[in-house]
Structure formats: structure tokens, C-alpha cells
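One chain, chain A, links the two complexes that follow: it is found with chain B in the first and with chain C in the second.
Moving on to the complex of A and B:
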């Protein structure tokens, strides 16, 4: 289990000459941070073969990367996701709102795939490499939080970052 | 990874069974009031989703004593319609169960179609046994 009490250092604002860093998770600043952290801890405790189909435990890197991603998405104003284990060691974050859906799957190798669905059922799928920039989700987040969501309003180049 | 081939002995109407862990995050209540399995229930990081062919087994055998799990069904035609295959397995370590199959994308299927396919399979699935948390 990663040290969920602490966010990566680059999440903290740089002070002006301060000698100390306030070790406060950005994720904790969101209303849903505690329950999300608790949920990640629960999932990290799932045993080998948790699904009866031989799945390995949820991968620690996937949990750590999910935590980082949730910190970023929380700052962008996203509501609390449904956090789901995926057979094979990954995790999935899910949001549903006004008929629109976002699914973000975090793989054990830290790569990220996402699926966006609008109220009409139109879908858009893409991926972020394991070295990818989670800022790629800015446009998806803005789209999700807006009214009158349609896939055609989503300004993503080709779904690969 | 082993190269899989579609089990042509199965018709599109044959039924596949998949257990779902009693974890409320693995399903949600649709706006129409029905319980819907999460697409995560039809995913595997290794791209092989285990299922059992219904006519080659029994619900009791598939549940295998996992009394709190739920069970959903999906017809073979659904993954096939999404360019997936339903393949037999015979690798070392695979379940010694003749009804066991794996749903997997064929080689060459763009990765970008994987999540949409899992979502469509989940939406097409039907509950046979609700997970314990949803039983009244």
C-alpha cells in the first residue's frame, strides 16, 4: 500500500522561501477525498483470486497512480468517482452524470485508458501512456462538468496522448 | 500470450455465465431502476475474460460455493458482434473445466475499442443471481 497520507511532492505549491513543506494531501482538500482514500485502501486489501477467476491482487502501482490521478481530477472539480477493481490487477474510475459517463482504467503498468459516453450513447475511447500527462483529462473534465454534453463538443485530437 | 481461436462449436445464441464479486462498485442502478453490471466486470488487464458455457455446466458449479457472488449471462453473439472471440483454453494452469472459455479481442483489434466493447457486453448482460448485497 502506498503512503496515501502524502501526495507526491510536485503536488504542493512552492512557497516563497519557506523551509518546510506542508505535508497535506491535495486530495484531502476535496470533499470526497477521505472516502476515495478509504476505498483505495479497501481495494488494496483484496486477496489473490479476489474474483474467483484467478486475478492477482490490485497492483500497487495502479493504486498509487490512481491516487495521483484522483488528486489532479479533484483539483479540476470532478465529483467522487466509483472506484472499481479490474481483473488482472488494474483499477477503474467511473463517473455518471446527466446521462454522460466517463470510465478511466488504470493498468498495472500505469498506462491509462479512458472511455467517454454522452447522453445519446456516442462513445469516444482513448489512452494515456504510462509517461503521459494527466493534464490530458482537463478537456474531458470540462466537458463532463458542462451542460448539454455531446461527444462532438469534446475537443480531443485523436484520443492518444 | 497464447493465440486464441474462436470456438466455432458455439452458436451465437449459446449462453455464457460470469460471476460478479459482491462489491457494490461492480454494478450500479440505472436511471430506469434496473441493476447494471459495471464494464469492469467484463474486463481483464490481460484481455482474457473468463466465462463458462451454460449448457456445459450448471449454475451451482459455476458459483463454486461463492455464495455471495452475483451471476450474469450474456449470449455468445454479443462479444462476437464486437469483434471479440470466445475461445477454449488449454494452457497449463487453466481451470480444468470443459465449460470454461475466455472472451478476448482477436489479435489486431485496436486497443481503443476495448473499453467500449466491455461496456456493451456489460449492458447486454442479464442477472441470473443478484450479489448478496442486492438480494431482498
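Moving on to the complex of A and C:
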């Protein structure tokens, strides 16, 4: 065996950041990532008019963007959400914990609307544009995972990202 | 390029906007220069002054991308439906054209000429395999799957990082194998990334293209060596 080269393994190249094909390493997936992926696959197979009110099929971009968002939220420690289709081709992700709720709707144009409700029923809602960064959800995640949640503890400046 | 600043990004974009209508600011990439001998063991980077700026200039059909950073000039080809992979010759021509245009811009604006340090060629490939089936030993002959372990059966996931020195301390070839989920179709695939990095012998374009060619040769030969003939057949790869 040749002597080990002092190659900078810690600086192992990870591409030039040019990949438009977004991927998540299987080794970095959360425990629930696989079941969420299978749920999204199920929803992507829903037919036209799945709700009986003429809704189009679940949009491909909404599926992709949902998975991107879920991958990021999973890394932040969020538990598995309930994933449901929304009429118009979008998807909604839902979390409930200790009386608090988060609903995130992903639209076919990749824009996002979110609603946060605390145990006292106080609400906060906002939008993330289709160019918005999913990192916008970091503070919401921290809030959701903390104890004694109240909307007043949620440090979001004005709901516009 | 110590004097490359944000106003120059806008000026440069105005020259290429016809071909590259979108301009996006990105976080900078780290400077990773191959080092050998004693130097490689001690590498401390202190950054003074303004942070590095990286900008994407994307073509109308998203196929070609130019990236400019204080310390990098990058041309990327990105697969688009219906578009054929350009061979190295075509890719080199494209890089040469964009590099020349960029240098002309720097010259016209009386900005400093870049110091050429390292050339890099990266190839990313997605290999589609059936989920829950480990075919790694069929794809990568260097990987020998565990057959008769006392307690260990087949691993559920494997990541391979291999580094190969290019002789005469010219650079290194990095090969990374990683199972990933592709967001666009939610498929689990094996991502194979080959990165050839070669130090540029002297500060001129001839040395730059020599280094690029060497990096490319190592990526191509490394790919052929690292993957199995069976897979070459499947990929209809010419040997």
C-alpha cells in the first residue's frame, strides 16, 4: 500500500456550485425523508380532477420545491409533516405540536405562503417569493421546536422575505 | 484579481448581456489550491478587505453558464433536455472564447491581468440503479462488497472519496461517489463526481490550456479506470 498522501480530504471538492440539478445526499437524509419522498411520489401520481372540483394534477415544480424545502427543514430538526395536495396544483405541509401549528403551502410557481398559529390561537402569516431562500424558515423552525411557544417569541420582522 | 469589484460585474455583464441575460450573485467558492510537500501541511488563509464576489451569468437556454469570482473564472455546461453533451473540443473552444472576451474586458478597463494558478475540470454523472439493490461492485471495480461478515451485511449506503496524485506533483484527481436523491424526479441515483486539478506551470495561456488538457485527460482516464467495462458497455462508451 502506498503511503498516504496528505491530500486535503477536508477540502474534498464538492463541485463548482453550478449544478442546477438539486440533490440531497442519502447519508444526510432525516429518518423520515424516505417516507416523505414516497408520499410526494404518491401525490405526483394523482390524476386530473383528483378532488372532484376540477383541480389540475399536482405540479412538478411544487413537488420538487417541496422536497427541497423538506430536505432543509429536516436538517434543522423538524419532524415529519403531514403532506396534502391543494387544489390548483400545489401542496401543503402541516405540523402540529403542543397546540402550535404550522402550515406551509407551496404553489406551482414555487412561491410559498405560510401560516403559524400558537397554542393561544394567535396567528402570523407571510409569503416567500419564488426566488426566496428556504433559509427564511430557520426562525420558524426554531420557534416551533422550542418550549412555551407564543407568537410574540417569533422573531420575524414583517412577514416579507 | 485583487481589483475585481461589484461595479466591474455590472460593466462586464453589459458587454455579454445579449448572450447571458441573467446575472445572479452567489456565495463565493472557497479557494482550494493543490499543495505538495511541506506547504500542504500548513495552510492558513486570512482574508482582508472586501469579501470575494461570485457572479453567475446564465445563457438564455440555461445550457452555458459563466462564473466569475475574484479568484476563479469558470465555464459550465449544464444538461438541458434535448441538448447533446459537447465533446472536450467544443467545450475548450467555448472556454477559450469566453476567457479571451473576459481578458479583453479587463484590459479595456485597465484592471489587473489574472494570475494563472490552477486549472480544474469537473465531471458530474448520475448513475441510475434500482433502489435497495447494491450494485456498487458492478459499477466500481475498486469497491469489493462485504460477503461474509460476522455481523455486517451489505451496507445500506456507501460513500467513496478517493484521491489520486497526478505525477510530478502536477495536481490531483478527486473521485467522489455518493448516493443522492435527485429533487426533480425524486429518484435515488449514484452521483459520481470526478475533479481534476492541475497547477499551471507558468502565467500564460499556453500553460493554462496544457493544464486544462492534463486535468481533462485524468478525468477521462480516471473515469474509465474507476468504472467497470460492463458499465462502459451500458453507457455505450467508446474505449
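As a working rule, the second predicted complex is superposed on the first by the 134 of 161 C-alpha atoms of A that agree within 3 Å, B and C clash if a C-alpha of one lies under 4 Å from a C-alpha of the other, contacts with A are read in each partner's own complex, and residues count from 1 in each chain.
We adopt the following convention: a contact is a pair of C-beta atoms (placed from the backbone, for glycine too) under 8 Å apart; a residue touches a chain by one contact, two chains touch by 3 or more.
It should be emphasised that the depicted structure is a prediction, and the values quoted were computed from it without experimental measurement.
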item	value
First (chain B), second (chain C), both or neither touched by A:126	first
Which superposed partner A:67 touches (first chain B, second chain C, both, neither)	second
Chain B versus chain C as contact partner of A:96, first or second or both or neither	first
Which superposed partner A:47 touches (first chain B, second chain C, both, neither)	neither
Contacts of A:37 with chain B and chain C, given as first, second, both or neither	second
Chain B/chain C common contact set on chain A	none
Chain A - residues contacting chain B, complex	39, 50-55, 82-90, 92, 94, 96, 99, 103, 105, 107-108, 113-115, 117, 123, 125-127, 159-160
Chain C to chain A touching residues, read off their complex	26-27, 29-30, 32, 35, 40-41, 43, 54, 56, 62, 65, 67, 74, 76, 78-79, 120, 122, 124, 126, 157, 159, 161, 163, 165, 172, 174, 176, 178-184, 186, 188-189, 191, 193, 195, 197
Contacting residues of chain B [partner chain A, same complex]	19, 21, 23, 25-26, 28, 31, 38-40, 43-46, 49-50, 64, 66, 69, 111-116, 119
Touching residues (chain side chain A, partner chain C) in the complex	5-9, 11-27, 29, 33, 37, 40-41, 44, 60, 63-64, 67-68, 71
